Each structure stands twice: as C-alpha cells, then as structure tokens.
Amino acid sequence: MSLAPDATVVLLAVPLAASALLAVLPSYRLSAALNVAAAFAAFLAAASLFVAAPRPNAYIVIDDLNVVFIVLNTFVGFTASVFSATYIAHEIDTGRLGATHLRFYHAMYQFLLFAMNLALIANNIGLMWVAIELATLTTVLMVGIYRTQAAIEAAWKYFILGSVGIALALFGTILIYMAAQPVVGEGVPAMLWTTLIEHAPQFDETLLDLAFVFLLLGYGTKVGLAPLHAWLPDAHAEGPTPISAVLSGLLLNVALYAVLRFKLLLDGNARALAPGPLMVTLGLVSTVFAAFMLYRRRDVKRMFAYSSIEHMGIIVFAFGVGGPLANFAGLLHMAMHSLTKSAIFYAVGQIAQVKGTQQIAEIRGLTVSHPLLGWSLVFGVFAIVGLPPMGVFMSEFLIVSSAFERAPWLALTLAAGVLLALGALVLRMQGMAFGAPVGPTAPAKASALPMLSHFALVLIAGVWLPPPLVAWFQHVAQLLR
Amino acid sequence: MIVELVFQLLQVTLVILIAPLLTGVVRATKARLTRRRGPPLVQPYRDLVRLARKEAIVADSASWLFRVTPYIVFASTWVATALIPTFATGLLFSWSADLIAIIALLGAGRFFLALAGLDVGTSFGGLGSSRESLFGALAEPAMIVIVFSLALIAGSTQLSTVAAFMTSGAVGLRVTLAMALVAFIIVALAENGRIPVDNPATHLELTMVHEAMILEYSGRHLAVIELAAMLKLALYVSLIICVFVPWGSAIADASVADRVVGAGVYVAKVLAAGVALGVFETSIAKMRVFRVPDFVGAALMLGFLGALLLFVSRTLK
Amino acid sequence: MTAVALCLAAVATLLALALAGGFVAATSFGRALVYGGTLALSLLVLLVAGDALLVGAAGETLMLPLGLPWVGARFHVDPLSAFFLVVVSLAAAAASLYALGYGRHERDPGRVLPFFPAFLAGMILVLVAADAYTFLLSWEFMSLASWALVMAHHREEQNARAAYVYLVMASFGTLALLVAFALLAGPDGHYAFAAMRAAPPAAGAATLAFLAALVGAGSKAGLAPLHVWLPLAHPAAPSHVSAMMSGAMTKVAVYAFIRIAFDLAGSPDWRLAIPLLIVGAASGIIGVLQALMDNDLKRVLAYSTIENIGLVFVGLGFAYAFRAAGFPAAAALAMTAALLHAFNHAVFKSLLFFGAGAVLSATGERRLDKLGGLLNRMPATGLFMLVGAAAISALPPLNGFVSEWMILQSVLLSPSFPQWTLKILAPAVGAGVALTAALAAACFVRAFGIPFLGRPRSEAAERAGEVDRFSLAAMAVLAALCLVAGLFPGQAIDALAAATDLAVGAHMPSQSSMPWLSIAPVAASRSSYNGLLVGVFILMSATTASTIIHRFASGAVRRAPAWDCGFPDSSPSTQYSGESFSQPIRRVFGRIAFVVEERIDMPRPGETRPARLELRLGDRIWNTLYRPLIVAVERAAVQLNRLQFLTIRQYLGVVFGALVALLVVLATWP
Amino acid sequence: MKGLAFDVSHMLAGGLVLTSFLLLYQNRLYALLNMYSLQAVVLSLSVAWQAFVQDASHLYVTAFIALLFKAVVIPLTLHRIIARLGIQRDVENVVGAGTTMLAGLALVALAEVVMLRIAGGADVLAREDLAFALSVVLLGLLMMVVRRNAVSMVVGFMSLENGLILAAAGAKGMPLVVEFAVAFSVLVALVVIGVFLFRISERFDSIDAEALDSFRERGR
C-alpha cells in the first residue's frame, strides 16, 4: 500500500480513536496533550496529501479543491488544540468547568475534527451530508457546555436552525440524486462527486436549479449567510473560545466547501441557472448587514462573530462573481479569514479570561496593561478589516478590483460594506486597546504561540505568497471558473 | 550701463524725496479747503527730522522685532517704490520684479507692521493689527485682480512693459480700464489709510487703524515708519500715474534730456494727485469700520468684472 | 547600486530600525539609534533621489517576487518620484534631527519610536512603487503607521477620536484609489504601471479613474470636503510627526494624484480640470479661514496645510487644463508651480510644526490664548518661526512667494483656453488664490503674533525657556532653506524640468541661463522675478536706512511701560487674543465657511457681573456632509439591530421567507 | 402494473399532503399528536409501497422505522411530556387558522409550479412524488413558523422530515435512505430531549419577546 491512502485513513481514524480514548481518560492534562498530539498527526497526514493524493474511490476523493480546505482545517484544528490546552486549564481554575466537562469537551473536540475531515474528503454527497450534520451536532453540544441560560439558549437556537438547514440540504441532495439518476443510473454512483461532475452537462437543468436553491439555503445556514445567520453570533459568543475559533475558522469553511462543490455542478451544466447572481446577492446582503450589526455590539466575541458573517459574505460574493481572479481571491480570502479570525478569537479568549468579562465597555487600555494581548488585538483587527500588509488586504484588493470590472455597483456596495465594518471594528478596538486601563491586570495564562503563528502567516501572505501555493490556488480558481 | 545705474539711483532717491512733499501737499490742500492756513509744505520734512532727533521710547514688553520692524517696513516699501517706473521705463533693474512682486512687497511691510502692533501687548495695538489684516486681506486680492486686467491688456505684468504699452496709445479707451482705475483708487485709499477708510490725522479714537498699530512707536522709529507711510502713498500715486496716465514719461531708450523732462512731468503729476486727494478727502466723511469690507469688496468685484469682460472680449476679437 | 535598489535598501533598514525601536524604546540610546538612523537613511535617500532628479534618466524597474504573485512587486524611480522622494526625505531628515532633541520630552517613547521609521518607510515605498498592489499596500501601510503615531498619546479622548476619523477616511481614500486602479488595470488585471501606460483606458473609464483618484488622493492630501480628518489627526501626533504628516505625507498624496491623473489615465479631458480647479480653490479658502479662527496652534498649522494643498491642486488644475488644450509651455509652468509649492510647503510647514513643538515642550501649551511674549524667552525659536510664517505668507524674497507668483502667472495665461467655462473659471480661481494668499498672511500674523509677541498670558508662557540644540538646528536648517530657495528659484525650477517633462510632456525654459539669476516663466518682457536681487535690495535699503538713522539721528533708547493711549493696564488679558484678532474677519467671511454662534450675555444696568461673549464655531462641511451620514449609519444600525433579538420562531420565519422567495423566483424565471 | 403503481403511490403521497393540512388545522395539542401519528402511518405505507414497487428491500426497514418510531414512540413520549410539564394544551397561532390554510394552499401551488418546470428528466412518478414531498416540507416549515408552542414546533419539524423521507423513498434506487431516516430520528429524539430537559417551551418561545428585549439587549 502506498503512503497516500494511509494519509486519508489517518485523517479519519486518528481523531476518531482519539475521541474514544479521550472520552475515558480522566486526567485533563494528559487529555490536553493527547488532543494536541492527535490534531498534529492529522495535520501531518493532511500535509502529506500535497505530496501524494490517493485515487478517488467510492468513499473518498482528494482533489485540488478539497486538499486546500483539508490542510487549512487540520492546521487550524491543531493550533486551536494547542490554544485550548492552555486555555481550558484555566477554566478549571476558575471553576467554570469540571473534570467531567473537560473529558466530554476533549472527546467532542476530536470527534468534531473527525466529522469535518470526513465532510471534506467524502466522495459521496450523502456521506458528506451526514458528516456535516455530525459536525453541527457536536458543536451544538460544545456551545452549550457552560450550561448557563445564555449558553443553552444559544445552543438551542443553533440546534433548531441547524436542523432546519440540514433538512433543506438533504432535500437538495435528494434532488441532485434524482437529477443524476436518469443519466448515471441507480445506486451509489449517482451520489459520487467524481461521477456527478463528469456527467453534469447531461443533467436535467431545472432539477439542478431547484436542488441548488435548497443546498444554498441549507448549507448557507451553516456558512452563516444573512438572513440565515441567526445561530452564529450567539453560538460564537456563548461557547468556549477555542470552539468559537474552530467554528469561525473551520466549520463555516466546511459548509462553504459544500456550496462550492454544488456550484461546480451547476457551472458544469450549460443550461442551468447561473449560480453567480444568487451567491452575489446573498454575499452582499451578508456583508452589508453584518457591517451594520457590528456597530451595536457590546459583547466582544459576538462582535467578531458578526465579522465572520461579513467575511463569509465577501467570500461567497467573490465566488459568485467568478472568473480566475475573483475565485483566486475567494480562496485566498477564505484561508486568510480562517487564520486571522481564529487568531483573533485566541486573543479575545485570553482577554476575556484576564479581564473576566466579554463586555467591550468594560475592557480598556489593553496595550498598557497587557501589551502583547493588546497589540495582538490591534493587529488582528487591522488584519481582519483588510488593512495591509496583511493577507486579507490582498484578497480584498483582488475581489473589489476584479468585481469592479464586471459589476461596478455591486463592487462599490461591497466596498461600502467593508468600509462600514472597518469603521465599527476599529472604533471598538480603539476603545479596548487604548486609553487608561481598567480592571484586573493579572498576566494572561494561555499560550500566545498559536495566535502569533497565525499572525505571522497572515503577515507573510500579505507580501509574499509561496509560488506552489499560488499555482495550486490558480488551478483551483480555473476549476471553479 | 553707468548711465542706467545713475538713473536708477536717481529714481530711487527721487521718490523718497518727493514722498513727504506729497503728504505736505495733501495736508495743505485740506487746510486751505477748510479755511485754515495749515502747515507749510515742508512741514513733513521738519517733522521727520525732529522725530529722528528725539530719543526712542520702547515699551518694557517689546521684543527685538519691535525695533527692527520700522526698517523692514521702510525697506520693503522703498524697494517696491523703486521698482515703479516713475519718469522713465526700462530702467536697469526694472525686470527684477513685476507688479505682483510689488504687491507682495507691500504685503510684507504690512505683515511686519501688524506684528509690531501686537508686539507690545496692548489692546490698541492688537486692534490696529487685526483691522489692518482684514483690510489687507481684502485689498490684496483686489489688487491682484486689477493686475490681471492690466496684464491681459498689456500682455505683461512687468510694469515697464505695461507703462510702455500704455504710452504707445494702442490701448484706446476700455471699459475694463475704467473699472480697474476705480478699483485701483479704492484699494489705494484703503491701503494708505486715507479717508473714508481711515483717518490719518486721528489719534485716541477707537476707529483708528494705522495709527493704532504704531501707537507705541516714538522717536526715530516713528520717523522711519512715517517716512515709509509717505513713501507708500507716493508709490500708489506713482503706480496710478505710471499705468493710467503715463504720458510724458520717458520710454526705454530715451535720451537724457527726455528723461529729465520726464522727471519734471512726473513731479507735476504727483503734486496734482496730491491736490486731488486733498479735495477728495475734504469732501467725504469717514465710514464705519465694518462698512470698509463692503467698500474694498466693491473694488474686488469691479476688478473681477473688468478682468472677466476682458477674458471674454479677448476671444471675441 | 541603482537608485531604486538603494531606496529599497533604505526601506529595509528603516523597517529593521522600526523593529529595533520597539525593543530599545525606553532608553536614550534607543532614541538616538532610531532618530539617528532615520536621519542618516533619509539623507541617503535625499542624495540618491536628488541625483536621480537632476540626472533625470529613466531608471530601471526592479521586480521582486513579492506582492501579487503574477505581477510581482515592481519598483521604479523616475524623475517624478525622485522629486517627491527629495521632498519626503528632506522633511524626514529635518524631523529626525529635530526629534533627536524633541524626543526627550516624549512620555511614552515605546509608542513613537517603532512607528516613526515605519511611517517613513511607507512613504518611500509609495513613491517607488510601480504597480497598483505594491502602491496601495505601501499607501495603507503609511496610513497605518501614522495612525499609530496619532494614537501615541492615546489616553486623551480627542486623540482617539482623531485617530479613528483618520483611519476611516484613509481607508475610504484607499478604496477610491483601488477603484481608480481597477479601472485602469482593465478586465485582465494589468496591475503594473507600465502595463497601464501601454494600454490606456477608454474615455469613460479614464474619467472615472481620474475622479476616483481625486477622491482617493484628495482625501489623503486634505482637499475639501474630504479634509475633516486632517485638522484632528495632524495636531494629535507628536510634533515631529505632525511635521512629517503635514509636510511629507500630504505630498505623497499629491504624488499619487499626479501619477494617476497625469501619467496613467491616458490623454486629458479639459472638463476634468474644472473639478480640480474648484476643489483646489475651495480648499484654499476654507482651509485658511478655518486656520484663522482656530485657537490651537498646531491645528492652525493643520488647517493651513489644507489651504496650501488647495493651492497645489489649483496649480495642477491649470497644468491639466493647459495640457488638454495643447499648450505645453503653459502646462509646464503650472506644473512647475505646483511642484515647487509642494516642496516649499514641505519646508516651511515642517519648520512651523517644529516651532509649535518647541512651544509645546517649553510651555506645555498649544492654545494661543494661553501663550504670549515668547519671542523674548525663546529668541531663536521665535526667529525661525518668524521666517517660516513669512515664507508661508508668500512674502518676498522667501520661497513661498516664488511658487505662488508662478501660480498667478499661470492664471494669467488662461485667456488662451479654447473653452468658455475655463475662461470664466480661471480668473475666479485666480482671485481665490489671491484671497487665500492674503488671508494666509493675516492668519500667520495671528499665529505668530499672538503666541510670540505681546505679554505672556499664562504662567507657563512666562516661565518658558529656549529649547535644545537639535531642535534649533533642525529649525535653522529649514529656515535657511526657505531663504535659499527664495533667493535662487531658477535653480529649483531647472531641477524640476525632468519631473514636469514626465507629467505634462514639457518643461519650462532653462532659467540658469537668465542673467542675474532671475526667473522668467515665458519671456522676460512678459514677467520676471529675481529673488536674489529683491533680497539684496531689501537688505541694502534696510541697512542704509538704519545706518543713516543711527549715524545722524539720536541713538538713545529708553525702556518704559507701554503707553497705550494713556491707559496703562497691568493685566495681560486685556491684550488682543487670537479670537479677538480674527473677529473682524469672522464677521466678514463667517457665513461662508462656518456656522458661527455668538451669544452675548449682557448684564442689566446696575448689575455688577461682567458681560460675557460666548462663541461657538461649527464646521459647515461637517454639519452638512458628514453628520447626516453618521446619523444615517447609526439609525440603520439601530433598526437592523432588532434582528439580533428575535425569537427562534421568528428566525425560522426569516429562513422560510428566504426559501419561499427563492422558489418564487425559480418558478417565475423565464 | 405501472398504472396501478403510479395511482397508489400518488394517492398515498397526496394523503401525506392532506394530513399536513390537517396538522395545520389542529388547535389542540393532543389532537395534533394524533394527527401526526396518522401522518406517520401514511408515510410508512407510502414508503412500503415504494419498496414494493422498486423492489428495494431496505425501504421496508425505513417504513418500519417510520411506523414504530414516529407513529408510536414519539407521540407517546410527547404525550407524557405534555402531561408532566403541564404545558398549555391549546396551540397558539400567530396568524389565524384560515390565513394559515390559505398560505398552505399557496405553498402547495408553488411546489407544483416549481415541479412542473422539470422537463422530462425524471420519470413522472418521481416528479409527482417530489411535488408532494416539497409541499409537505414547506407545510412543515410553515407550521414551525406560525405556531408559538414548542411542541407544535417539534411536530412541524417532524412533519417536514416526513416530506424528506417521502422524497428520498421516491427517488428510485437512492442509497443511504435508511441511514438518513435513522439520522433524522436521532435528530428528532434530540429535539424532544431538548424540550424535555430544558423546558424550552417555557423559556424561549412562549414568553412575550418584546418584554424581554431590554433585558436581552444588555451585553449583546
């Protein structure tokens, strides 16, 4: 057996096994270490996919599109586990969580990684659907882990909206199958990406259109597109911070990946509705809506959750616009957003821990009291609002300039949304990072390394993208059309 | 070359000699018109000498700027005056600055005088500076706009060229020129602090402008400033003469005799202007300070209108 | 090494210096290292750029495998960028020298030292960038670094507000520039400047790109009505940074505009000169009127920057119009005037900010009505400040006069325009320029006279002393430069030839060949000016006068209390204050530029309490343009915010609605 | 055979839509649950018929799950929960029953229109089935939206899910249908547990939302 099939097996088996093991392991220190180790193993396995990808079979497919997602996912999953290892220990100290909770937390963490990896590498659209549902349910449980009234409310809201979304996605999946069945024949092949994409030109276009509406709304709920976003801010705000980072950095991407896959099908069919305008509309609505919502936020994690909605809107907009430039930018933006937003949540988590509050108004003067955290927040906000020399700037540059050529007014609207969001985020950031410090000044306990490594990557990406990565992205961008 | 230099120096000295006389003429005219005997024509010279001989009193709070200012004001005014072709055009250094530069030189004088008004730190000084700054801010653009008109007619901002062009008679009578003349006179009255803008004879009044600025000056400093003020009046008169009534003035390569004649004509014209000014000042009342902006603003508008007419008519031809 | 490589090396060193600055900020060694380093590096860039400007040869394009992968980061130094490099590095060198001394007063050097070199590096990068991505990256980096510097004294509430407004406006400008570049780059994303030049855009796109560039660069330069951030942000930064922001950064914005509008946007369209001229003249007048009214010394200087940038844009407007009309010589004159004014402004505005900084460090006070009499206590600072004030007021023989004179000269050439609109507009703009210049003189009489002359209005002003030698040296250098550039304008004009060649395709006739070092824009018979002779004449006549007086008249001087019409008051508060000085001008121009609210509280006869005059000035532009926008955003945010507080059922309803809507669309799709 | 197969499956699917309407019409909780049981029975019949027609034995499993779980276990559980928690027996409608029925009719019409556009790609049977399934899905969603009571929201969700199962069963030879059915059963069970454990009916959806706004806005 070659190395590559092993890699996909590792991607699935290691988290699953780790999850089972963590469920019974009593010591939380050991659990945290194991968690990190398993996440790291998965990351290594993912990285090896770059070198040698296995041939697709009935269950698994690795192609240029999803390998980008997989590597990004496992990387952020790994850094989040490192962050979580130092962060969550503190939660025990403060008594917010007990040992049982932690066992549950770690087991669920690995299970979540497993589900997301499965969703990304599954060749079967049904399997992918199941995996995304599993991932959603897992995060629902983790969001509610603090068992405060607000946390349970958030989890419940997430659960109900997520379930409806999942139901819609399933309906769309069934429709895809029905479109494929007369062409491909009955049974499993009609649900495989590899066969679907091959035969997409012959599918019935009206069924494809209908399916896409359901899939876009169904998976779009997971992506957090307005007006389907309602679960997202609360889930981010009330869950443990590493999970907020994972939600924004990973889960949204996984759902986005599903949307992209189905967009490919529609693109492949000449008679089908162009998915672009639909995605552009949803993207714009999300961006502008989230930008306005940012102004009234009082909870720092909820604010950055809205910023995630905004960025998902930008990404969907980019893919909706299409063309090699915009697709490239969309992929880049997705990667940059994952890295930046998770790093921001690492920072925010520590800030909330040292200050004992998530209320923006009660946090002031961080650059004085906690220089590293404060400046990291400044850096993170600048990165996320698209100021150079950070990576988001490059993707926003490409998105706006390439979209301007095709649809000037839409591009201007997007630019206005970005500017509005910048206004809100910078305003709050200045309040938190500067001025005379208030509140506790105890130093932060959690590790700053994951955060800094993300920031370093984002900074480098703004001025220099490694040529292999560029070639990879460009290839995918061509693929997406 | 040497002759040119001599004539240049002659002109420079001529203006400074004639300036107090001009002031004397104005005062004498006003006195006669109000049925007073008035001081003799040479009284301004005597005043200057008398002031220069007295000791200068400098306020405790004054800085060095206070003592330097008189010389700066005098120098900038003098240089500006020297650049005006009074009785002969095409002098040696006439190209070293044009009309705009002359306006700016006068602006420099005003700038320092206004600073000096602020220097001692009295309320009267500030009052004078503040108002002078306002008038200047209105008069200067008016001047520039007038210059636009002139420059368009003569194709130059170089005073020598303008004067030569006007003498040549190729001008004809233009509406623009008339407007410019009226505007010019208004600006000249404002800039020299004459009635109706300011009363040069006043003291201890809240309406004074120029006198308020130089209130703290005494002795030789006052003498220099007074001389500069007289020079400025002479400058404006010369400017009007040179641009609007240039006849009789010698042109660029004229003979020495012509130039001497030119000088005589010039002196006569200056004295006539002095009489006219005296008559004008007697027949009119001083206006409120806050009416002055309207007055000077009218000059700005007139000048602008003239320039606009010119811009448009230029293309009609 | 080539010029561009040297510049990049300097940038790299500056960035390293910025990093180092973060670590050694607390020590005096750190200060010396950072400012000494920036001084040396900016001198290096000055030399390199000066050489490139004078030689004028088109340098090579350096391409690094950075930035956009398929474009690369391109860098190029041509005479235009070389000229602005000279401006920026000169201002930076002076600021560094100044900061060697001034930096000692910094309470929190850790917030200044790392960002100062970064700021400079950003500006240099903008000037050498030769593709859109690198350009915008550097542009925003520059904004960001200066934002951090504005934030240096972050505990003061108004600084935070200033920094915020600044950053939002800067980002707005960047987006506008991005739009301009997107239009120029075309659908295939030709982001390199060379590619843009090779494929000029269609007329419509070029017009839009021009306007977008005007908005983008104009917001950075401080053109009205996009200027609102400038008077907030520039004064909030430490003074040497204020000098850099006003002196250098606004010039970088001017460069950006010239680069896009003149170099990249293809052939000119005369109609576009109209907004340029109007905006320029309006900025001039609005800027100077606001400067006249303000009570904060540094804010006065900031507003005056708006005024001067307005003048520069008037020059650019004429250059653009002349180029469109096909008068290369006139275009060259106007462009030279604009560039020269940009240079001059960099010199004297830096000088004035240094002076303001010196006042600030000596007294801790920026408010005019708390200062006074400083000339006696800080004679050297006062002298340099006076030179700066005279230069900025366009008094001959200093440098400010030369450039304004040239701008007026280009107005005089405007009857030759073929278009009626321009014919009528040109004299109006010219009158506006003249008004601006005259008001500027009044403004600087006030800005210099109130703090430096008269009697001290506060104890702080009374106790003030002269500042350190580094600060004085920096001011002395700049003051000397004001004088030198004013005395030898011909040399400066000749140095600009290559840059104007690039921008408008022509240059002014060589001035060095003129006799006696005078300058003549078109022909000597038309107009000419000789700074050196005027200077010498003034000096000669002043010395003559004083010699004669001192020789033949009384030299006696007696010190005595001020006479003041026999009303000897002891209280310095009876002096004219800044507000009372500008009151007449406020009465005349008040309605145009600001919303003035005067409230007089007059006691009844017999009452003994003092009468009070309350004065409130509002910015009309802020009230009519920005406040409604802010209110609209707030209102929309409040309205939309309800969506955060729906019940789950209502959220489901929203999802349901979206689904039904899409299905309806699908059902009715043709 | 073909004609009969079509008629029967059409009738059963139509029955499902009809029960959905009846669900919308109910205004008492117990009646709602009974009606839901009826719908589940119809569903299992429909799925079983599909299993017979398509000769797909795994669909029998699905039918059996539907019968056991949905028609019996869940309604019984909900009965007990209602009794235990003392939940108000009346169903609060946000809009009147008449309006709801009208909206439901419009939705069914919409589903038909959308499906009519599908050309000949899928066979007629599947298409008709699909139209009904879509109607059931939309009606289920409508029920979730217009009912204020948490239990009826659960019922709405389950009815929506019935539509999905119908569609999946109607898709000829579709794999994983059993898995989907199981997955959804788990989901439904979790919903029910959620209602039970956290008394969500009281906490989140039966209180006047506006009265809480000032409280909720704090700190968001």
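Each chain carries a letter (A, B, C and D) given by its place in the written order, and its residues are counted from 1.
Keep in mind that, in the parts below, a residue touches a chain if its C-beta (ideal position, glycine included) is under 8 Å from a C-beta of that chain, and two chains touch if they have at least 3 such contacts.
Chain identities (UniProt): A = Hydrogenase-4 component F; B = Formate hydrogenlyase subunit 4; D = Hydrogenase-4 component E.
Because the structure is a prediction, the values reported are computed rather than measured.
Q: Counting one step per pair of touching chains, how far is chain D (Hydrogenase-4 component E) from chain A (Hydrogenase-4 component F) at the shortest?
A: Graph distance in the chain contact network comes out at 1.
Q: Count the C-beta pairs in contact for A-C and for B-C, then report the pair with the higher count.
A: Comparing A-C with B-C, the pair joined by more C-beta contacts is B-C.
Q: As a quick test, compute the distance in whole Å between the mean CA positions of chain A (Hydrogenase-4 component F) and chain C.
A: 44
Q: For chain B and chain C, what's the span in angstrom between their mean Cα positions?
A: From the centre of chain B to the centre of chain C is 35 Å.
Q: Indicate the whole-number Å distance between the mean C-alpha point of chain A (Hydrogenase-4 component F) and the mean C-alpha point of chain B.
A: That pair's centroid distance is 78 Å.
Q: Using Cα averages as centroids, what's the distance between chain B and chain D (Hydrogenase-4 component E) in whole Å?
A: 98
Q: Quick check on chain C: which residues sit in contact with 2+ other chains?
A: Touching at least two other chains: 644, 646, 648, 652, 655, 659, 663, 666.
Q: Give me the residues of chain B that touch two or more other chains.
A: As it turns out, chain B has no residue touching two or more other chains.
Q: Please list all residues of chain A (Hydrogenase-4 component F) that touch 2 or more other chains.
A: Counting only residues that touch two or more other chains, chain A (Hydrogenase-4 component F) contributes 156, 160, 164, 210.
Q: What are the touching chain pairs in this one?
A: The complete list of chain pairs in contact reads A-C, A-D, B-C, C-D.
Q: Sort out for me which residues of chain C touch chain B in the complex.
A: Its residues touching chain B are 372-373, 375-376, 379, 382, 386, 390, 393-396, 401, 405, 408-409, 411-412, 414-415, 423-424, 426-428, 430-431, 433-435, 437-439, 441-442, 444-446, 448-450, 452-455, 516, 518, 520, 524-530, 533-534, 537-539, 541-542, 545-546, 549, 552-554, 556-565, 567, 569, 572, 574-576, 580-585, 587-588.
Q: Show me the residue ranges of chain C that touch chain A (Hydrogenase-4 component F) in the complex, using the header's touch definition.
A: Touch list, chain C to chain A (Hydrogenase-4 component F): 65-70, 73, 132-133, 136-138, 140-141, 143-144, 151, 154-155, 157, 160, 163-164, 167-168, 171-172, 175, 178-179, 181-183, 185-187, 189, 191, 633-634, 636-638, 640-641, 643-644, 646, 648, 651-652, 654-655, 657-659, 662-663, 666, 669.
Q: Looking at the complex, which residues from chain D (Hydrogenase-4 component E) come into contact with chain C?
A: For chain D (Hydrogenase-4 component E) paired with chain C, touching residues are 94, 107, 110-111, 113-114, 117, 138, 141-142, 144-145, 147-148, 153, 204-205, 209, 213, 216-217, 220.
Q: Of all residues in chain A (Hydrogenase-4 component F), which touch chain C in the complex?
A: Those in contact with chain C are residues 156-157, 160-161, 164-165, 168, 209-210, 213-214, 216-217, 221, 227-228, 230-231, 233, 273, 278, 289, 292-293, 295-296, 325, 367, 382, 385, 387-389, 393-394, 397-398, 400-402, 404-406, 411-412, 415, 418-420, 422-423, 426-427, 430-431, 434-436, 462-465, 467, 470.
Q: Within their complex, state which residues of chain A (Hydrogenase-4 component F) touch chain D (Hydrogenase-4 component E).
A: 124, 126-127, 130, 133, 137, 149, 152-153, 156, 159-160, 163-164, 166-167, 170-171, 174-175, 177-179, 181-182, 186-188, 190-191, 203-204, 206-207, 210, 237, 297-299, 302, 358-359
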